[in-house]
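Multiple structures follow.
Both complexes shown next keep subunit A, but they swap its partner, so subunit B is in the first and subunit C is in the second.
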Partner chain A sequence: MSPASSLQRPASSCDRFGFLDDFAVREMRRGMLKALAIPGYQVPYASREMPIARGFGTGGMQLTLALAVPQDRLKVIDQGADDSVNAVNLRRFITASCPGLATTTRTAEATLIQTRHRVPERQLAPGQMMIYQVPYPDPLQIVEPSEAKRRRCHAHGDYARLWVKLYEDVVRFREVSISNRYPARVAGRYIIDPSPIPRWDLPKLHCSPVAHLFGAGREKKLYAVPPFTEVVPLAFDDIPFAVEGFRATDCSRHACATCGATDTFLDEIPQVGAPPRWLCNDQDRCAERQGYPDGA
Partner chain B sequence: MVHETPVLSVAGLTRIHGRGCADCVRLTGDAAGRNVCPSCGSVVAVADISFDLWPGEILGVMGESGSGKSSVVKLLHLDDRASAGSAWFREGDGRRHDLVAVDEAEARRLRDTRFGMVFQNPHLGLNFGVSAGGNIAERLLCGGERRFQTIRETALGLLDRTEVPRARIDHQPGQFSGGMQQRLQIARALAPKPELLFLDEVTTGLDLSVQARILDLILEIQRELGVAMIVVTHDLGVVRLLAGRTIVLRHGRVVEAGLTDQILEDPQHPYTQQLVMSAL
Partner chain C sequence: MGYVAVRGGEAAIAEAIRSLDALRAGATEPGADPGDPLSVDAIRHQLRLLVDRVMGEGGLYDPQLAALAIKQAHGDPLEAAFILRAHRSNLPRLGESAAHSGSQLRLIRRVSSAFKEIPGGQRLGPSTDYLQRLFRLDLLDEDPEAFRAAARSFGSEVVAQAEDFPKVVEGLRVQGLLQEVGAPQPAVDITRAPVAFPIPRPARLAHLTRGETGGVLTMAYTTMRGYGYLHPTVAELRVGYLPVRLPHPLTGEPVEAGEVLVTECEIVATHRASCSATAAASATTRSRPSPWRCATAPCSRGMSAGRAIRPRIPNSSSAMSMASRRWASAATTSCRTT
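Showing the complex of A and B:
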């Protein structure tokens, strides 16, 4: 919670601030406290019906609605963009149901950042909080279909089959083929699915100064990476974890065609009859580097 | 070689499926000729099983189907928990554990790093969704090995040891012949250098020449690694070849125990006599 905000929310007998009823808010907050107390542990919660379908970000939305206070400034991104359909719709619903809540597209100014697929490139600071929309909360899902068995595996710290998946990848492709949702061990205990963020973003969770909260609406699970917590990607000792290189054939690093950055996650934009263009995926970071030319 | 303490010391091992009653054990067993308690309907899978297993020894467990052979192995391999009795396992470092009373975490550690299990049906012992190498790797990864090269080399070494061609390390077990699947199971079981190996009807269903090669392999492994084994079978030929000592089960009880040669040459119990006679 940002220092500016308090847990007090405006009381009103007819209008609900934040859409959720008191019981839902209390349940979500208790769930989040438990998730922060046991880093990486998947806390079950009720996942209320929302006016959008499950699977479209209801987990992240419920977290935001349960946490937001009027003093917060909210940023909603989808794939690094503030203006994509999913981000716009979620932002519109949240602001409509949280009167007084300000929104921003600038990472530096936001206190709550709800995201799908990306962590902002800009270094986060204490007072901010990340909220992730999660499609599949359990990293073991790819190796074990039964949830009952997965829970036993988590309880016993039995992640051997996940390691076998890594082994099989290295044997087949000479490298680990997981491009996003890369499993990582939190605080030396539970292994989490960090939601579909690219490998590039995973190191940003390690010892981050902010809390990262993950909400899966369809699967009804919450989990968290508290501030300043170890997040270690699963990797063999002799095959280190590596992020995307964005290297050209001559091994030089592609730069953003707009802002020239060589230290950001890039999108490849195919061009007809020309080599592809590479652009920053994080729109706000790109605009910030250019000094916000549009005054955004 | 003289060893002072057994690897495994089993006393009064009992497993009752159902709610059980005071008379369960008394009303079942060899003398009663049944293993379902007439008073409460519980199934007495095994009762009052006692034996010692010494380092490097192969113990045969023989009996007809339903006699409780596999139940004994399941209890000792911690796939099922006993209702009563004790089974003291001594680790290589001298620590002793009562397998009847160990907690889940300890049970997992023992299964992953100290025991090896080979099933009659390869589908129980192998993961058919991953390659042969992956099957061996899983056991090494359970034991905490995190170096890819080491895992790869160990897996190749084990395939050599069990005569599975190296070139097939990245193939799925589903593409293997029955005998090769069985050898892969043995390789997988041996991966963490276990101290106790359970072989449950490993040669049943294989043709005779393949059976012979598997049995040879088991004997070589025992000679080289000195690992203690419990071999469950209904095949007299297998116990004659492998086991120095044998126990014979019927209706969940030990009806005869002793040196294998002695049991096969001079069976005392009517059931064993019948078993030996019928094999001729």
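Showing the complex of A and C:
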């Protein structure tokens, strides 16, 4: 067969369900089993090159593709939005390569939720699974440049330098200045980088009824928080971990300008010549609260 | 050092040139039909990103000559930029433009990853950011009619005038989150002025602008993903046509001499406290008065519009007004992670 004739397949179709070949799927699934068995441990994997650029969520995408079955219902969010270009693009690719897979924007209906930057506000339920796109899998990266040494630190449970970093923050700013990717200890052992979710979302991982799977495509690492597992943010006894307050200057709590919620993570939308507006970051939660006015 | 081991002088060189030219013409086996030569216009339009890259690395805005260099260099960008640089070497410097502001751009693309919504809105523009990298097998044997129809279907790529959009970093500046930037420094032509340390910012930017694309990307990436917490975010990426104004030779008044397509990227990143609490980095036309305080990732490059402007050569009457699409996708790819 000449090279040209081997290219004569229709361009749009994927040969196999989920794009990845069987070896890749097997590697991913084995990796995930190991990650679930050792909560918080970073499992190295080969990370295939995908038709979407690294840094755009290929780690999460590979997890989704290796896990999805036609009976699944997939939700893809980017910063809480189902319709951001990146989420749309990932969803487009996943549905094209997984024929039969249904999609949804409603958190309650989804079985697989691939996300960047957010955990849905709605309480998750058994039968669902969270998949995170991860830029930096290692919480020690901010304090130790050598990966070989970092692995040794994890093995020894030596997180001293991370604690020192937190302490230095407290000394310099009177608080821990980490706004997202807040390090947390899983099942009393490994410390993870929970991906760039805001502090607001971190408590949702604690004893959650669903599995949280993390995929870093560029850094070629997988890790997981199994269901009903302790996830404790790093904090000092006298300076407890706190989530975002969304307080105005008069200390009142900002509310979503659309649905009025005061119990959600808000986005600040800059306005020209006016004070900023505050809106729910989780679009589905905002729409749900309004009874889905657009029938979304 | 040199090829002292290779002997034969004139004959060897002549033979090297002859065999290179045979390969350029598509020599495969004796008697085979090599097909038609590539037209410089086809290179210029259909390999437009390669043309841009060669112009950037060559330090000369001349799409026609860049396309010719690419043809001559068998498509090797490094060699093509080399040819362009050698040509540029003896061009007279006719004038020096003042610092140009990115607020003059006629935009074809404008995105921000620092904010979900920005005043004026996001415009994705002609970007490969969200392309799925799957083969388009229909291009294996492209229908010429469909090809022409695709070109005709395009209206105007310019979506808006930049004046309609406030700078995203302006909002941050108003809130006091960005360090104020000093006055623009005079441009430095690094091909005319001797290197003197410490190198002034315009010269540093000029070096980066002419640097080999992969090399600059590597620098950006190692800065970003190395040790420590440095995660630059694209406050605003603008691609558009920038009118270039030169002082009139007699009156000294600025006159519009043409326009170049530039990418302007303003990046925010927290940085070492000794340097500044927050720094905005921007790399664009090297004559631009932009903040580039601490060296964060030099993510985007623009054309050198300032001093390398040259008289138009025959057959490139639109040399100044033709588009150059810079590197925008690579810039966002390297920045867009969290």
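FYI, the second predicted complex is superposed on the first by the 282 of 296 C-alpha atoms of A that agree within 3 Å, B and C clash if a C-alpha of one lies under 4 Å from a C-alpha of the other, contacts with A are read in each partner's own complex, and residues count from 1 in each chain.
The working rule: contacts are C-beta pairs under 8 Å (C-beta built on N, C-alpha and C of every residue); 3 or more make two chains touch, one makes a residue touch a chain.
Bear in mind the structure is a predicted one, so any value in this text is a computation, not a measurement.
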Consider subunit A as the common anchor and indicate whether subunit B and subunit C clash or fit when overlaid. fit
Between subunit B (first) and subunit C (second), which does A:H117 come into contact with in this model arrangement: first, second, both, or neither? second
Let me test your reading of the model: by the given contact rule, A:F93 touches which partner, first (subunit B), second (subunit C), both or neither? second
Should A:P135 be classified as contacting the first partner (subunit B), the second (subunit C), both, or neither? second
Using the touch definition from the top, say if A:Q79 reaches subunit B (first), subunit C (second), both or neither. second
Is A:Q271 contacted by the first partner subunit B, the second partner subunit C, both or neither? second
Subunit C versus subunit B, contacts on subunit A by residue: C
Name the contact category of A:C251: first (subunit B only), second (subunit C only), both, or neither. neither
So, does A:F236 touch the first partner subunit B, the second partner subunit C, both, or neither? first
Just the number, please: smallest Cα separation between subunit B and subunit C in the overlaid arrangement, in Å. 11
Quick check on the complex: what are the subunit A residues that touch subunit B? 156, 158, 160-161, 163-164, 167-168, 170-172, 236-239
As the complex stands, subunit C meets subunit A at residues 115-119, 124, 129-130, 132-138, 140, 166, 171, 226-229, 231, 333-334, 336-338
Residue ranges of subunit A in contact with subunit C within the complex: 4, 7-12, 51-56, 79, 81, 84-86, 88-89, 92-93, 117, 135, 141-142, 144-145, 180-181, 196, 218, 267, 269-272, 281
Sites on subunit B touched by subunit A in the complex: 104-105, 108, 112, 127, 130-131, 133-134, 137-138, 141-142, 146-149, 151, 170
